[in-house]
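Shown below is the structure under consideration.
Letters A, B, C and D mark the chains as written, and numbering starts fresh at 1 in each.
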Amino acid sequence: MLKKVGRVEEATEVSSGIYLLRISCPLKEPYPGQFVMAQPPGLEEIPLSIAGYSGGELKLIVAAVGETTRALCRMDVGDRLWVRGPLGRGFSYMSRKTAVAVAGGVGIAPLIYLVDARKREGLKTKLVAGFKSRVGGKLIQLLEDLGDVVIATEDGSIGAKGDAVSVASSMITRSSMVFACGPEPMLRKVVDLCMSVGAAVECSLERYIKCGVGICGACLIEGEEVSMRVCADGPVFDGETIVKLSDFDKLALDRSGCKVPLHGGCPSR
Amino acid sequence: MLKVDVAGLELSPPLVLASGILGVTAKIMARVSEHLGAITTKSVGARRREGYPNPVVCPLPYGLLNAMGLPNPGIDYFEEVIREFKKLSKKPIIVSVIGSDSPEYVSSRAEEAGADAIELNVSCPHAGGLLELGMDIEQVRRIVRDLKSILSIPLFVKLSPNIQDIGKLAETCEKAGADGITAINTVRAVKIDLLSKKPLFKSIYCGLSGAAIHPIAVRCVYEIYEKVSIPIIGVGGVVNWESAVELILAGASAVGIGTALTQDIAIAKEIASGILEYMRSEGFKSVSEMIGLAHKR
Amino acid sequence: MLKVDVAGLELSPPLVLASGILGVTAKIMARVSEHLGAITTKSVGARRREGYPNPVVCPLPYGLLNAMGLPNPGIDYFEEVIREFKKLSKKPIIVSVIGSDSPEYVSSRAEEAGADAIELNVSCPHAGGLLELGMDIEQVRRIVRDLKSILSIPLFVKLSPNIQDIGKLAETCEKAGADGITAINTVRAVKIDLLSKKPLFKSIYCGLSGAAIHPIAVRCVYEIYEKVSIPIIGVGGVVNWESAVELILAGASAVGIGTALTQDIAIAKEIASGILEYMRSEGFKSVSEMIGLAHKR
Amino acid sequence: MLKKVGRVEEATEVSSGIYLLRISCPLKEPYPGQFVMAQPPGLEEIPLSIAGYSGGELKLIVAAVGETTRALCRMDVGDRLWVRGPLGRGFSYMSRKTAVAVAGGVGIAPLIYLVDARKREGLKTKLVAGFKSRVGGKLIQLLEDLGDVVIATEDGSIGAKGDAVSVASSMITRSSMVFACGPEPMLRKVVDLCMSVGAAVECSLERYIKCGVGICGACLIEGEEVSMRVCADGPVFDGETIVKLSDFDKLALDRSGCKVPLHGGCPSR
């Protein structure tokens, strides 16, 4: 996957600090769960999940958390950036007729594309999107346009009160297929619940991405007998694999290649 | 049939994981080693390095540009990785050591931890001052001699193609006591970003690897083979069995694989079976019959 | 908008036919010159050379290997070719002169015949002892100085990437009086024939050109630009407008095209219009604004 | 066009010193008139017209005249060689319903493929094959299998007596499309005749071929205002172009790039 020039068609703040970017950039048709490496000229190249793709137009949902994401979110219509992808392996999104998707925060990004791709194939997905607190109306609109959506906030400021997993739990127990993306403590709860009720589950994980093509070893996530490259074997892994990954929700490589504790939730948020 | 002895290391198949490719944790090296004869770790120094900020790679249609910047956790941490690998796999582990960062200290720690060989990296074209070091024949001679005086495991020296006379440098290494030569590291390159109109990489310089450099790697191995009698690990643009066999005929005792792993992490399996088929169809009974055959008049 | 002044030659567009590419007869040079700013002839010596026997090329997916062996009819014959070209075309003709075969005699004859500039070839990686010559800084200095003392047309020196410090060599050429640098020639390579198990080319060594060497050419031009203030003709792997613009931003005043002509003899037309479009979209008013821009902090 | 390994399936002497080679070697479907560069391991690489191609099998007709062609003709079944092609531009072989093809000597090679390809498209071609003297029965058989064939020998030992052009002249004058390959003095006669009667004509020419891909300039054939690369602009040229080529039947580049007189007929025979 070569670096290609993308052109910003829209950059809208859909909630405080969260932006929807539409970028025209012809890519090999991506699968939901795949990601791109995006680079505003002169800045860093960072991984971002594909939140939508059709007709040569790429959608990203970006949380402005640092220099590069802030620069991306500030881009004007017509500005250009480098896009490399699609990279990694996505969700096996067609495998079941009905499914539940559970998102934590900006983990919503790949699930938007998943739900949409499933809808286009006539498959139903219940989406539970959890946030810390109230989110912007544009983001809610965007999610509601997808169909069957439940919004949850930890403080109950809008939608159901509670974290995404507790709000989703009754749906999960009744479901045979669950997709999830969000902070690892949340994903752990999803995986545990799914394993206990026998539902298949796939989560999109994050680690620090450097090469994005599976050769530098920066993004490894491991267990006693497994070593997985998040960028090339993932970022989506199934429950059976995740339970073998003792690093999950615990350890990550730092930029030098030391394995260090995962601070907070997602290594990269 | 695919077994070779390379400076005392028994490799089967004669394929080695190139340095800097996934050689970060014991488990990933064990995973990759399955279809290889040996693995080389990422280059390690005495001090921890984070490497350069992203972007660190730029894929091209015919290879890859990289400027990782030699990220590594330092030997104090990495010796545990070596020990763990030795528990997980029986394949030889070659520990790559950054030539400009206390190579003696690092190498002896690596040997203690169980390294089967040391590869002295004096050839990274964009980091650690290794380009300059690798071109300074006197310094290379000194480091090799010093390392040999303290090591009891084999020492390979990894050379750069960004040099006038790679055969002469290899000869110097042999005379200084090196047990083998690894060639080549990436070719020094620059990529200009047409949007920012500046070099794409923060380090300005980067290294070109993959198919594009294969004919250069074959040339370097050919030149080195003319000058030394120690074994050569040929690296550079090996993407299929044909490119591996070319390096062997040019003089390589074993072949390193790097960039091709972006296509398929298990590509070595395919390459090994292709070499085997070639050997059968051409009537070779052992890899050693093929090594350097292109030099016979 | 596409006009540049390169050491007194006015080039429009800033594209030059690379040496050894079709520069054999006046008529083919005139034909090719249509979409170019200037043409460079094949490298000519005092004596006639037939070059190596076939095979002389080996196409690769990402470039070309060649070992032509500097075939040329000798200057006594070739001066007529130069004169004829001057009648057929108004484009500048740069006569490439083999550095190891009486370059003074050949250059002065070429100047008399109407050459607009001389390009001193000290960089063929497989013939005429030019590889060794091009790496001998003292000899290059001497030849450049001697040539400058007899020539009144501009002198370019064509350098090889097969050298440690191309910037330093370029600096030496500048100090010795060169009016410009052409970089790069092909990268020294070897191809092993898996059927005969011998080097494919009779000369053993060959030169790699085409897309594969572009990042190396950009690096060389970048390094040279840091060291000299005379103009650089950037050559190597230019296959589209993007690769041409990269060389210009890295420091080239004009860009040479060689191997890409295998795709389309009129490829320069497309490249020129791509450059123009890039200039318009980025707001450049002249090529000279772009030259070396990647070095600005 | 990369070098590919071909495997000899048959090498039969079809006439004294002329061989039919069948080589299995998957190529991009060639046009009649295109050629390959063939190289027996360790020897020279030489141009040979494609005399047939189907189902991954290449046919060549080779006259054993020197080291390389002799080695090729001596190859055993199972021997391998390097093949690079198809190269050059072929005949516009579909352009007319009926046509005449005129061959001199081993110039028959590309015309065999042409006649065959036209036959497969339902187009008729009268083939006149001229030789110095008697040729082998196998070659005659091979030609007669193609359909409408007239054999001519200069000494009249078999077939019509006379050179190919005089034997073909009445057919040419009645035809609107003529294809030819052979020594240049013969081709000149064909072209002159065609021009005088207003028939379209295409000839396959030969010059010393080095690169075969149009960049070395070894194979140039020129006129006052034209310069053509036999390997890339040809080897097939139409009558209008040929009459402008003052080098035609006169001059060729030698290996150093001097333009020298064409000795005898074909520069390379």
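By definition in this document, contacts are C-beta pairs under 8 Å (C-beta built on N, C-alpha and C of every residue); 3 or more make two chains touch, one makes a residue touch a chain.
All values derive from a computational prediction rather than experimental measurement.
The minimum number of touch steps separating chain A from chain D is 3.
Centre-to-centre, using mean CA coordinates, chain C is 36 Å away from chain D.
A straight line joining the Cα centres of chain B and chain D is 50 Å long. With each centre defined as the average position of its C-alpha atoms, the distance from chain B to chain C rounds to 33 Å.
Residue positions of chain B touching 2 or more other chains: 60-61, 198. Taken as a graph of touching chains, this assembly is arranged as a line, each chain contacting the next along an open chain of partners. All chain pairs that count as touching, in label order, are A-B, B-C, C-D. Within the complex formed with chain D, the residues of chain C that make contact are 20-25, 27-28, 30-31, 42, 48-51, 53-61, 64, 66, 68, 71-74, 77-78, 193, 195-196, 198, 258-259, 261-262, 265.
If you check the complex, the residues on chain C that touch chain B are 60-63, 65, 135, 162-164, 187-192, 194, 197-199, 204-206, 208, 211-213, 215-216, 218-219, 222, 242, 245-246, 249-250, 278, 282, 290, 293-294. Interface residues of chain D, counted against chain C in their complex, comprise 1-3, 5, 37, 39, 41-42, 44-46, 80-82, 84, 210-218, 220, 222, 225-227, 229, 232, 253-259.
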